[in-house]
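Note that subunit A is present in both complexes that follow, paired respectively with subunit B and with subunit C.
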Partner chain A sequence: MKRVYAKEEVCIGCRLCEVWCRTEHSRSKNIIKAHKSEFPPPVSRVLVEELMPVSFALQCRHCDEPECVESCITGALTKDESGRVVYNEEKCVGCWTCVLVCPYGAPQRDLERKKIAKCDLCPDRDTPACVEMCPNQALVYEER
Partner chain B sequence: MSYVIIGNSVAAIGAIEAIRKVDKEINITVISDEPYLVYSRPLISEFLAGQVKEEMMGYREPGFYEKNGVTTKLGKRVVAIDSAKKSVKLDNGEEVAYGKLLIATGGTPFIPPMKGLGKERIYTFIKMDDAKQIDALVPEMDHVVIIGAGLIGLKAAESLHHRGVEVTVVELANRVMAAVLDVDAGGIVQSALEKAGINIVTENTVDEILGGKAANGVRLKDGREIRCDAVIVAIGVVPNAVFAKESGVEVNRGIVTDNHMRTNLPDVYAAGDVTEGPDYLNGGNRVIPIWPNAYIQGKIAGLNMAGVEREFTGGLAMNSIELFGVPVITAGLSNIDSDDLEVLTKIENGNYRKIVLRGSTIVGAVFVGKIDRAGIITGLIRDQIDISSMRDRLLADDFGYIDFPVELRKERLGAVAK
Partner chain C sequence: MKTYQLPEVRIERDKDRCINCGVCVRQCAFNAHKFDEDGEVYSEDEKCVACQRCVSLCPTNALYIKDNAPFVKDNANWTAETQKYIWKQAETGGVLLTGMGNPKPYPIYWDHLVLNASQVTNPSIDPLREPMELRTYLGSKPDHIEIEMVNGEPVLRTKIAPQIMLKTPILFSAMSYGAISYNACEALGRAATELGTFWNTGEGGLHRNLYKYAPNTIVQVASGRFGVHSEYLDAAAAIEIKIGQGAKPGIGGHLPGEKVGPAVSETRMIPVGSDALSPAPHHDIYSIEDLSQLIFSLKEATEYTKPISVKISAVHNVAAIASGIARAGADIIAIDGFRGGTGAAPTMIRDNVGIPIELAIAAVDARLREEGIRNRASIIAAGGFRNSGDVIKAIALGADAVYLGTAALVAMGCHVCQKCYTGKCNWGIATQNPYLEKRLNPDIAAERLYNLVRGWSHEISEMLGGMGINAIESLRGNRLHLRAVGLSREEMDVLGVQVAGSPMA
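Up next, the complex of A and B:
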């Protein structure tokens, strides 16, 4: 399956991937409203790590045998037939067990909703928003 | 040659999902004395709190069993295993033949001897029916005494508090969650509980449960009496292995398994809270009664039962719990004093971060408050990565892959994740 990979050599740490991820996962899908008026505010599923001069974006790796799926106490996290690790927000109770077990630090706590937020590879798009909108092509969406 | 699984909880589901990855044909029979389809056991506290409805507690969709070719026998208890005949015997006299058997019977509450046991209104808190019984009594209860300030006791305390019931927790140690938290971390959690209005009595214990037919109070070791409408005993769980032991399965504290989750009896496996399986950090075998361990052991057992050889690398004790808005994460050797361990800690505005090192690898961690991305540390424990080059950054709140040696980072982030 296709996954998102970062090219840290060309990432400049502008965090536009986070901006577009929040927008894609907002209710309005409007960049201004997503950042100015929506409550609870959308949480970015991609996180830019930075310790200059190095920076890169990191999101759920959609692991082959995901620790999060095996550990989630409610069954909110599952792996679907295509290989995506999918998340049923309705079932999540904010126990943070996935935060405890994910070796990539991928599940983010959404404190307003008391649920996690995690990369879903943008099911409504062909290419995830972060990849498409990165001005430096520092993210690629491909099979490896 | 059918698969038979005793118990219908997370270890059983781990096994069913693993078996069905390799064997889509042979029937699987699941036998459980609980009458329910698989539910999320930890959620009984959210159920009691009134925050999660019973319909939302299913760990898998109701169609899971049919889809996976699983026959269920619910509300039936296994009383014996006949390993010569390769069958199990149920409490109604029925016999069920197995080709491969998995014992996934979990834990049973540990109740120490004390005077006054056997009255009504004394509960334990590990099953759906426990939660339902307590829930039904909530309107009549003003005050409940909980014995034990471990995870289960504190979750029950929070739930009842949420329903407007006054709660007193009695704990033998000098702090809450003493098994996994040190004095500093335990202190932060305890003050959050007390601030919320939970009464906590430490270094004390219940000598006698008072009352006539029903419990109406407790007498503590120091002579003090506390009036209450019910008592919940939450001291701990012990493996539910008596029938297995009587049937010839080797049981120490729990059912002893090898790293294929096999017991001493041929074609009999065990997984989950009932087992004393291989321990990752200390070697040897240990009971690690947590949800992720039960799923993973179930998965390993299932694969081996279906003929795919797979080794269990060992269980890692870990937990995540949030009490009154304070999140707490522990992993590995989170609270052990030993000469060969080095401890790094940081306390800042009610946030606590602790990393326990053995030489140049991490063997334990505690996070209170800022728990974000704690799993990166758990991963370093699991993989026993040499952290020499990242040592100075381990206590940083924003510790991450940026701190990894570049080759390791590229290897981890540049390829398909295991």
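Up next, the complex of A and C:
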């Protein structure tokens, strides 16, 4: 399956991926509204990890054997036939077990909604927002 | 004590649009944008260099950089700029430093020259349907050729001096590793290779990893001799002796020690952290005869397999100097006009020394023709070429090919803020800071360089076709295809062109 991969050598740590991820996962999909007036505010599913000069954007790896799916107590996280780790927000109770077990630190805590937020590979787009909007081609969406 | 001065620019932030994402904060190496204790973004105008990095990356277009020139009481002599320079020097006692090429409003002769086109009496050529030759050979051409017929086939008996072949008459100028980043060098090397043309190492040596681009690399031997060793000379397609640079004729160079990290140190063969000082003259060249010795030393070292270029800045006596260089044995003469760029130069020298490249090309070409030695050396013109129109006019004036420096940098992202000498280039070009360097993705930059030269080459083909010419060779030095608009008699005499409206004959 296609996954998002980071090219650390050209990641500039601007965090525009986070901005556009929040926008894509907002109600209005309007960048200004999403950041200034929406409540609860959208949470970015991608996080730029940095220890300068090294930085890279990290989101759910959609693992082949996902620890989060194994450990989710309500069945909110499942692995679908395409290989994606799918998240059903309705079922999430905010126990943070996935947050604890994920070796990448990918699931983000949405403290307002008391649920997690996690990369869904932007189902409404051909290419995830973070990849398309990166100004330096530091994220690629491809089969490996 | 603080000197109170009006900042050069004003950063306007539209608070209705700003989403406080902090992209501007993270992208500004000059710290013009900051977060306050409450996590709100604010800006400090006096730190801004107007490089437009934040403006370009702001996802909501909330930022705008405005000129903030102070009101100066009506005075053409004591302008805001002249006063600013005086204030700066009164404060520091230092030499004013700057980057990039001469920005002063000297006449741009390209904009006073117009090209010809075919109408009725001679047919124009459609380059999309018919072959159009932009291929250019640089190197010394023989005075005459001898051909012998063997079994009815002509065989060339004359030994031809080494040449380099360009698919288009455009090369990338000398910009050294140290002045520009590794990624910028990589992009230039890759683009030159894909385009079938050449890039130039400048005086910074050739990084170990870039030897793969060596067949499309011109290596420089400059007064500091940085990074010069036998492998470097052997690998290159051609060797260039750098005597002068258009932005700073008559003076040397200085790469500050902060820019000399382990990789630059290894490539330049100097200790980490040491200033790389290029003397103003080569201390072994004080005459044409001395230059000839270096040319032939390099030819001997490379067994006469590659052309040797000599790069000079365009100065008053450029024609006579070029004649001397051709006679000294150079295969290529590169001439850099006063609008040529630099990573660092004293402002007064950049803005006041040297002559326009247009006049220099015409003067050199005419002189070499008069002396009957034009064939001995190819001419590469450099210094502020902005578009394909400038390039084709340079060729009509007598250049064989053109070097692009600033235009290449702009294609890669440069916004000509003239702060190259600070090492804080926010676009990742003129910096050695590993955090900033990453901003120039060589994949993107190489593609943009390729696109630029491809576009210009297409335009050159179209213009040639319009003139009814099917090879760039046929336009070289063909000044009848140029006409002058709004120039004095003396300027037209030097350029060797007639006023627009005068007939072809």
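What we mean here is this: the second predicted complex is superposed on the first by the 144 of 144 C-alpha atoms of A that agree within 3 Å, B and C clash if a C-alpha of one lies under 4 Å from a C-alpha of the other, contacts with A are read in each partner's own complex, and residues count from 1 in each chain.
Just so it is clear, a contact is a pair of C-beta atoms (placed from the backbone, for glycine too) under 8 Å apart; a residue touches a chain by one contact, two chains touch by 3 or more.
What you see is a predicted model, and the numbers here were worked out from it, not measured in a lab.
A.B. asks: Return first, second, both or neither, reflecting whether A:14 touches subunit B, subunit C, both chains, or no partner chain.
C.D. replies: After superposing on A, A:14 lies in contact with subunit C but is clear of subunit B.
A.B. asks: Taking the superposition on A as described, I'd like to know which of subunit B and subunit C A:35 touches: first, second, both or neither.
C.D. replies: second
A.B. asks: Check the residue A:137 against both partner chains and state whether it touches subunit B (first), subunit C (second), both, or neither.
C.D. replies: A:137 sits against subunit C, while subunit B stays out of touch.
A.B. asks: In the overlay, work out which of subunit B or subunit C sits against more residues of subunit A.
C.D. replies: The larger set of subunit A residues in touch belongs to B.
A.B. asks: A:96 in the overlay: touching subunit B, subunit C, both, or neither? Say first, second, both or neither.
C.D. replies: After superposition on chain A, A:96 lies in contact with subunit B alone.
A.B. asks: Spell out the part of subunit A that touches subunit C in their complex, as residue ranges.
C.D. replies: Subunit A residues touching subunit C: 9-16, 18-20, 31-32, 34-36, 52-53, 133, 135-138.
A.B. asks: Taking the touch rule as given, give the residues of subunit B at its contact with subunit A in the complex, in rising order.
C.D. replies: Per the stated touch rule, the residues are 14, 40, 42-43, 46, 51-52, 56, 58-60, 291-292, 295-296, 299, 318-322, 327, 329, 331, 371-376, 378-379, 382-383, 398, 400-403, 412-418.
A.B. asks: What does subunit C use to touch subunit A in their complex?
C.D. replies: Residues 16-17, 19-23, 26-27, 57, 59-60, 428, 433-435, 438-439, 441, 443-444 of subunit C touch subunit A in their complex.
A.B. asks: Enumerate the contact residues on subunit A facing subunit B in the complex.
C.D. replies: Touch list, subunit A to subunit B: 3, 5-6, 47, 49-51, 54-56, 58, 61-65, 67, 70-71, 73-75, 90-91, 93-109, 144.
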